[in-house]
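Here chain A shows up in two complexes: once beside chain B, once beside chain C.
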Partner chain A sequence: MRNKQFLVALLTFLVCTSMAFAGTVSGKVTYTGTPAKPKPIDMSKEPTCAKQHATPVTTETVVTGANNSLENVVVYISAGANDEGQVPPQAVSYEQKGCQYIPHVLPMHVNQELKISNADQTSHNIHPIPKINREWNKSQPPGTPPISEKYDKAEFIPVKCNIHPWMHGWFVVLNTSHYDLSKGDGEFKLPNLPPGKYTITAWQEDYGTQTADVTITGNETKEVNFSFKAKAY
Partner chain B sequence: MRKLKPTQILLSAILALVLVVAFTPQVAAQDAPDVGPAHPVPVRPMESHIGNVTGHARDGKTPYRRYCAGCHGEFGDGNGENAAWIDPKPRDFTIATFKCRSTPTGTLPTDQDLYNTLGRGLTNSNMPIWNTFSPQQRADLVAYIKIFSPRWDKEKPGDPIKVPAEPPVTMQSIAHGKALFTKLECWKCHGPSGKGDGPSAATLTDSKDNPIRPYNFSAGKDDSRFKCGSTNEDIYKIFMTGVDGTPMPSFADVIQPNDAWDLVHFLRTLQINRHGKENEILSAAHGVIPAYTDQPSAAPAAQSDTKSPGGGGR
Partner chain C sequence: MGKLFAITIVIIAVLSAIPVVMNYWGPPPDISTHGYAIDEQMHETMWEAGLSFLAAQFVLAFFVWSFAGKGKSDKLKDFPGGAKWLVIAALVFVGTEILALGAIGQKAWAAVYFAAPEKDALTIQSQAGQFAFYFRYPGPDGKFGTPHPDKIDEGNQNFFGLDPENDVDSRDDITAAELAVPVNRQVNLTMHSKDVGHSFYVRELRIQQDYVPGVDLAVHFTATVPGKYEIVCTQLCGLGHYNMKAYLSVLSQEDFDKWLKDHAAQ
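After this line comes the complex of A and B, so read on.
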């Protein structure tokens, strides 16, 4: 009798602790070499936007920070995530403001709702150009409600506005919600990872992708760093 | 028989070996991936239904090869032999994005849309007016091009947009259309007189990064230059479904259907050499379009979009 109770208690303990095991992968994304200098953007054709920027904004293809850090790199679990199909209920937001896309790179889960809004005084047309998802193109004048869309296949989708040719952004549609975008200091963090083997992929829109394999056994934090070779132009 | 010297035996052996190696097919080696005939696209049993005609992909295969593959390519990707020398480029059927549709932006066209495009051709492009085909041949070709994209297997064409009955052409309608043209900033690309010379026109590129120009309403004498048909309803559908694959977006979410007709009537007045009802009314008013005023009308059409937020005044 006591053995049975003990066994039940042991099993319960093991199940609970295995559910409680959640590791983290964190690290920094940096570059080596000399990246191309960001170019200033001339918004004189759209005065309502130009006046919103005291100094001209620069191109965001490569955004660097102190200590050779890279910002806007999508770091995600490309294998082992096991949350494909678990679509988060909340929407992700993409804003057109000052004739720029905010954020420049927007990761989202397949079929997650995407809400696009226009905070400017000019019309924009929102024109993502996928290769395997459906290509649509919608006008969004100022003062109109947000556009709601979603994508049903994983893909890295460039986004542009045809009216304002300097506007470039990305929708990164992934099969997982285990993703992060590297910050100004290049740091990223992927928490809540159950024990298992994972492949982490880092994607920079100009420098390509890098992968690393990592194994989580319990509650530990594993450090994984990515270093991209900068392109001179 | 004299015995062969050792050197002679050796040389003969080497010669024999060389000959054997040279003439034996290299079955062990892998074929280089870009050498030899590529696998043809399998002809899936796709169908099309236009009126009471049913088309079959298998019957479209031969006419496609004969008439279409030169531009659209044997893989339907727009990379036929002729493609390098023509502009605009031939349609790439593998992504299933089409310009001329009755369905919303981002959705597949109906079979009727494709059938119409085939018969109408595309003005100012190398796509001919294929009136040489019988309806059955056209339907077979519509079915055939579906083999090039997997989207046709799972996705249904969009629901065709509902086009309300056209209201009468009046100066009030034209004036409202002009106000919409200003407010919706069509002039950014098309220019204030619709000549295709707006501030954003010079930098436009299509979805394959080829330069492209916005439509110039003032050129030409008649309606022959429209790519997707030339009736008022065809023009209505252009901006209410968008010209997919190009910078021209859909305005379906931002124009009320009845107001869209007003825009059509105004656009006709940009065709300065066209003889139509809209231009008759315009001449009768000595070419002056009055400012649009929101007046209460008998029909309770929603006039919510006459507020002009900051822009306008052109």
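After this line comes the complex of A and C, so read on.
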């Protein structure tokens, strides 16, 4: 009996300490040089979408903010994460709205449920183009229920619409849930990291990847910044 | 009964001729310099085919009327000279008719397709792909950059596969989803298909031409009335065919210059 109480106490202690020792990696993604100007998208052939945008929507290949910050960069743990196979129970959502993909870049865990919905008054035909996962494309007329899918291998998958050629996005399928998408100010945060050695990768759809190694020893916040060289064209 | 059938034939023939003669479903106003020739050709074809149709129906009705009520034992008369000469006469008549229409019509056709465009014609490239049209203007340098199919990046609005990093000519090229043309100036429109067969059809312009994959074609036209007209794909090209359209904007020279300037700044 006494042994059992001791075990529970020990377990509680261990859980509490491991939580207390959860580290965080945070930082900012920026660029150097001059990025290409985003180009306006002419949606006049699809009036139901065109009228949803007071000012023309622009391409999202490279989205920048103030102080050279870079948005929509996926920052994730590419080595050292111990949550492979721990598929989050909640689904991630991808929406087709105003003939755009929202969000433009969607990170998810391998085998996590992906829900794709159509909020437009026109049909879309979503066509992700993977190289190692199974390829499919699905039509989704207005008012149809969301499409449920999942990917069983880690991959960066470009997504296009077979009806509206300007629509473009990305599914980023990862072996970890330790990821973040850089915000408008370029900032990202990877919390709840147990002590260990990690490789952090930042992926930008046009500029490629960058990596950094980080060691978390306890309850600490490590700062890691990434800087990409912008392409003029 | 036979006579009633003959009367019915005449009624149907006359009723079906009324909308054509009264021009109920005429084409929209023509906005091009060559369109009148197409319209004349259509008009002539309609008259000739229409008169032949009516004549054939009336002859049929006449015979039905004449032979109505005859019994099985009644002797039938042979057509003078036999059926052979009748068939030969019909073939010659129809053949001459079709050849004549073709010979007269080739002028209208050649004006759009075979005659060389004028020297100062504005060349615009058009590209059809599932399921949108895109148009390219050479920009201030007057030169089109070379397209590279492997560089096509639709998510980045690079529909023609340009390579501005290495190809200087392509840097000032203007790509648009709308076909803007100056009024009263000849436009030489080159036509390229990115994937499957498509078609460029503007009713008001009296031009309908297929995009053929692997073959770059060209048509030339001069638009004479400013306005906005619909360009539709009239070749079944896949799932989104119903939705494949763009707009033709015929602008005054001043507005066209402004349009080019606005698009170049993007």
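The definition used in the following text is that the second predicted complex is superposed on the first by the 215 of 233 C-alpha atoms of A that agree within 3 Å, B and C clash if a C-alpha of one lies under 4 Å from a C-alpha of the other, contacts with A are read in each partner's own complex, and residues count from 1 in each chain.
In this section, a contact is a pair of C-beta atoms (placed from the backbone, for glycine too) under 8 Å apart; a residue touches a chain by one contact, two chains touch by 3 or more.
Bear in mind the structure is a predicted one, so any value in this text is a computation, not a measurement.
Asker: Aligned on chain A, chain B and chain C: do they clash or fit?
Answerer: clash
Asker: Per the contact definition in the header, classify A:121: touching chain B only (first), chain C only (second), both, or neither.
Answerer: Only chain B is touched by A:121; chain C is not.
Asker: If we overlay the two complexes on their shared chain A, which of chain B and chain C does A:67 touch? Say first, second, both or neither.
Answerer: neither
Asker: Can A:45 be said to touch chain B (first), chain C (second), both, or neither?
Answerer: Touch status of A:45: both partners.
Asker: So, A:34: does it touch chain B (first), chain C (second), both, or neither?
Answerer: Neither partner.
Asker: Does chain B (first) or chain C (second) touch A:134, or do both, or does neither?
Answerer: A:134 contacts chain B only, not chain C.
Asker: May I ask you to decide whether A:233 touches chain B, chain C, both, or neither, giving the answer as first, second, both or neither?
Answerer: In the superposition, A:233 touches chain C alone.
Asker: In the superposed arrangement, which partner chain does A:168 touch: chain B (first), chain C (second), both, or neither?
Answerer: Second partner only, chain C.
Asker: Just one of 44-52, 80-88 or 242-250 in chain C hits chain B in the overlay; which is it?
Answerer: Answer for the clashing stretch of chain C: 242-250.
Asker: Once the complexes are superposed, what residues of chain A are shared between the chain B interface and the chain C interface?
Answerer: Residues 45, 122-123, 125, 139, 162-165, which sit in both footprints.
Asker: Within their complex, state which residues of chain A touch chain C.
Answerer: Residues 37, 39-42, 44-46, 59-61, 122-123, 125, 139, 158, 160, 162-169, 206, 231-233 of chain A touch chain C in their complex.
Asker: Help me check something: in the complex, which residues belonging to chain A touch chain B?
Answerer: By the definition above, chain A touches chain B via 45, 48, 121-123, 125-127, 129, 131, 134-144, 147, 162-165.
Asker: Quick check on the complex: what are the chain B residues that touch chain A?
Answerer: Residue positions touching the partner: 95, 97, 104-107, 151, 183-185, 188-189, 199-200, 203-205, 207, 242, 244-254, 307, 309-311.
Asker: With touch defined as at the start, can you tell me which chain C residues reach chain A in the complex?
Answerer: 129-132, 154-157, 159, 164-165, 176-178, 239-240, 243-247, 266
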